[in-house]
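These are the structures in question, set out in turn.
First chain A sits with chain B, and in the next complex the same chain sits with chain C.
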Partner chain A sequence: MKTSIRNVYLLPYVVWIGIFVVAPILLIVYYSFFDIEGKWTLSNYKMFFTPIYLKMAASSVWYALLVTFFSLLIAYPAAYALTKTKHKQLWLLFLILPTWVNLLLKVYAFLGIFGTYGLANAILAAVGIGPKQILFTDFSFVFVSVYIFIPFMLLPIFNALEELNPSLVDAARDLGASAWTTFRRVVFPLTLDGVKAGCQAVFIPSLSLFMITRLIAGNRVITLGTAIEEHFLVTQNWGMGSTIAVFLIIAMAAVVAVTGNRKRG
Partner chain B sequence: MEKEAIIRFERVTKIYDGQVVLDDISFDIERGKFYTLLGPSGCGKTTILRLIAGFTEPTEGTIYFHGKPVNHIPANKRQVNTVFQDYALFPHLNVFENVAFGLRIKKKKQAEIREKVMEALRFVNLEGYENRSVQEMSGGQRQRVAIARAIVNEPEVLLLDEPLSALDLKLRTEMQYELRELQRRLGITFIFVTHDQEEALAMSDQIFVLNKGKIQQSGTPKEIYDEPVNRFVADFIGESNILRGVMLKDYLVEFAGKRFMCVDKGFRPNEPVDVVIRPEDLQITTRAQGKLQVRVDSQLFRGVHYELCCYDEDGNEWLVHSTKKAEVGEEIGLYFDPEAIHVMRISEEDGEKIDEN
Partner chain C sequence: MKKLTIFFAAVFGAALLLYYVSLALNRTEGYVGKNTLTVYNWGDYIDPALIKKFEKQTGIKVIYQTFDSNEAMMAKIAQGGATFDVAVPSEYAISKMKEDGLLIPLDHSKLPNLKYINPRFLNLSFDPGNRYSVPYFWGTVGIVYNPGMLGGKKITSWNDLWDPDLRNQILLVDGAREVIGMGLNSLHYSLNDTNKEHLKEAKEKLDRLVPNVKAIVGDEIKMLLANEEAAIGVVWSGDAAEIIAENDKLDYVVPKEGSNLWFDNMVIPKTAKNIEGAHKFINFMLDPKNAAQNAEYVGYSTPNKKALDYMPKEITEDKRFYPDFDSIGNLEVYKNLGKRMLAYYNELFLQFKMHRK
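This part shows the complex of A and B:
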């Protein structure tokens, strides 16, 4: 009796997941077996293992790694500093605030800032380096992506640091550890779950970025995300687009499986 | 020659957010003794330990180690180790690695680390537990790990912040003996923090009684118990009868509406004072033979003695520990020796307290 009531409560969730998660994935898998003329085929999968797509996949993974790495590099110290400040919840809010702004708006803002007559070049000119091509470079792509993803890295790390018992830090210092050793031996290992969660939250979506690649990187950076967009919207080759999506989904599942075993014991 | 002090506090004041937590504190810590900081919660005991350990710096005053000021020396450069109130064991390391932590920092050889960790674990009766996760251990065991982790570094001074308060009564009494024994065997200085006066009296060579960031009294357990300097100490150290009185002249004090011979002197004539009489110093007798006449209000059997709560004609409460039984409602006399009366100066704070009430 009780379990059936619980099942009733679960129903909306199950329906939601079924319609918006499971069904689309099944559809993608289904479409991946059809060529552009609508004939059943395995050629899309063969195609994926040709150098063009493998290179594209490698480049996607590479850029996602770069973005994740730099986000972590910036977010960890920021989160650490944040836990030491007085009004930390307020500061946290300020740092999370940009996620409330639409992605496209932020990207367009950077088009302005990084453009030939933008703020960045004005500053470069003022310090005598002169105007440079910033937009449509790897740098601008990684920079903007990192900017967009930092809050997703920051939040789990901040939470992990907040949960860390401060007397553990005292204990390490008491036993002779320098500030750096304390970080390496105690603080970092004990906040690793937060780091993993943050890396997941950044790495997975940055694997399939496409909007930023076109607008900021000017299609210089071709990732699997861009390829999927091309196939669906430009060449209308839904089969190939779906095949790439299948591999993306597999990659994401793999990342979750590797980094996901949180909260042991 | 006077024994050299390992640690000296000289007029140390600590202020947190405008709140004076320690107020002009000075004391010396000598080698090889068992010291206790005793006081109610929030009186600044942990703050003193944190100052000694080097987790925080004094706002004013100087802390010396072996005669050298150490105010700005960080915790990792000090020859003291701490057993934290919550033990602060590293949850990601097993028992062995927790204890080995300090030795690994000092880059000792693997063989030496192994030997010392095993010896420390033997010391605290935790042989065979080295591969356990600290999360699987009971409160008492965690505490031993915390002690082993500290003593393995052979500190000159071991700081213990209420290490027994989380344990149940039986384990607690057991650990009191063990800690005292450990201190004797190691021969190092222990600074032990507690808010439990019985624990302090049982374990210490020297007690500092603290209240509101001030040292109220320092002395041996016997001195503190027998000769409390003020109302706070008398009240905090065990149950007592404390009354307002007047010191008429040397050896003569008036309280509860009567005059009594006593052994105290050196007060101004007619100086208002606080008078303490311990419950165990009061003897039950007949009304005629008693120095005080009281009526028994209630009686509890405490095992070794009866605890009587009585009232005299003025309404003063008298707590009596007696091996003789009385009847509730009975009119009895209380007898005591002049030595049982302990007269104390009234401190400013106590004056305020009385006015408030």
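This part shows the complex of A and C:
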């Protein structure tokens, strides 16, 4: 009796997952076996293993790694500093605030800031370095992506640090560990789950970024997301677009598996 | 918990209220029933005063909806569901919609004003006999450039873009047919070339353009060029007119090797409910005075011959936007190359983009 009631409660969740998670993935896999004329084929998969797509996949992974690395580099110390401040919820709010602004608007703002006559170049000129091309470079792409993803890295790390029992740190210090050793042997391992969650939240979406590649990188950076967009919207080659999506799903599953909890093992 | 419940109830209540208000508003404005006409057009692509005029003349309420790409428009019409009585696709989209059976044939007896259209723009390959479409605006693909930033240098041809002095100065529009077409045109091949050897040659030529290309962008190209972010842009003439209106230091040229001639056209999609009203609307837009007013507002080139008489000379004599057809070698309309060829164009374009690393 009890379990059947529980199953009834589960029903909306199961239906939701079925319609919006499982069915779309199956559809993507299904479509990936059709060519542009709707004939059954494996040629999309063959196509993926040509140098163009492999290179594209490699560059997607490389940029996603860069973005994740720099996000972590900035977000961890920021989260650590946050937990030490007096009004941490307020400061946290300030750091999260940018996510309330539409993504496209923020990206457009960077078009202005990084432009030849923008703020960044005005500052460079004022300090005597002189104007540089910032827009449409790898630098601007990574910078803007990191800016956009920082809140997603910050939150899980902040939460992990908050949950950390401070007496553990005190104990380590009492036992003679230096601040660095305490961090390395106590704080960081205990917040590793937060770091993993943050890395997933940043790495996975940045694998398939496509709008920023065009707006900020002027298509100098081509990711798998760009190719998917083109295949679905322009070429209408849903098969090839789906095939790339299948590989993205595999890549994401791999990331989750690698960064997942190993406690149970 | 109680607070949360109240909060959600309030959101729900507000949503219901807004829904009711919008419904009531639509009713008081007469947007219900048969007497409406839904026009599906590109954003900012009609003089709103003309819609008011049409409503007054015919008593039909116009609902104006916009799209920002042919693909999005086609997807919505193919899905059905929503009612669109008149749509304004580009020529290659018309071939495709025709193939897919998404269009309703026009009744020419209800479009007497069709006679004002310049015969040059009628009976084109994408719609022989104008069975389904009537030209709305037309234009070219060409080069916008900033003579000031180029030290007074003039651009007249596609091949000028390969000049090594133009390093990192060119913005390209993110369109496979436009960019590959530019490569084909620079080699004096047809824009609709399907010979793979020619296409490969064009792609190799484009690869040599890479050092000069600053970025490949979308609609932002207008803002970037007007802000002098780069000296040269490959754009559609309509965008060029907008850019020049914003920054009059820029100039536009249709390259002498030839280029693309494009059309946006009024059609009646199969989702139409008010076919009678749709014909009335199309005929209304073909009226020379209305077409002139619309062309002045939008800034694109009108195919309406008679309308030119009602427009200021400085517009109609501007050779950049109303070119002498004899002076330009070959202006070609894009043909529907079929899915496979289009995919090949896109594949080459993707390779060109990848090459830029």
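By definition in this document, the second predicted complex is superposed on the first by the 261 of 265 C-alpha atoms of A that agree within 3 Å, B and C clash if a C-alpha of one lies under 4 Å from a C-alpha of the other, contacts with A are read in each partner's own complex, and residues count from 1 in each chain.
In this section, a residue touches a chain if its C-beta (ideal position, glycine included) is under 8 Å from a C-beta of that chain, and two chains touch if they have at least 3 such contacts.
All values reported here derive from a predicted model rather than from experimental measurement.
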Sticking to the clash and touch definitions up top, decide whether chain B and chain C on chain A clash or fit.
fit
After the superposition on A, what does A:Thr235 contact: first (chain B), second (chain C), both or neither?
second
Is chain A touched at more residues by chain B or by chain C?
C
Look at A:Val255 in the shared chain and tell me whether it touches chain B only, chain C only, both, or neither; answer first, second, both or neither.
neither
Which partner does A:Arg220 contact after superposing on A: first (chain B), second (chain C), both, neither?
second
For A:Asp174, select first, second, both or neither according to whether it touches chain B, chain C, the two together, or no partner.
first
In the overlay of the two complexes, what angle sits at the CA centre of chain A between those of chain B and chain C, given in steps of 10 degrees?
150
Between chain B (first) and chain C (second), which, if any, makes contact with A:Met56: first, second, both or neither?
second
Please indicate which partner A:Gln133 is in contact with in the superposed arrangement: first for chain B, second for chain C, both, or neither.
second
Answer with first, second, both or neither: which of chain B and chain C does A:Val186 touch in the superposed model?
first
Please state the minimum Cα-Cα separation between chain B and chain C in the superposed model, rounded to the nearest whole Å.
34
List of chain C residues in touch with chain A within their complex:
69, 71-72, 168, 171, 174, 176, 214-218, 220, 223-224, 227-229, 339-340, 342-343, 346-347, 350-351, 353-354, 356-357
For the complex, give me every residue of chain B touching chain A.
53-55, 74-76, 80-82, 84-86, 88-92, 101-102, 105-106, 133, 135, 149-150, 153
State the interface residues of chain A toward chain B in the complex, per the touch definition above.
165, 167-168, 170-178, 181, 185-186, 189-190, 265
Chain A to chain C touching residues, read off their complex:
36-37, 52, 55-56, 59, 111, 115-117, 133, 135-136, 214-215, 217-220, 222, 226-227, 230-231, 233-237, 240
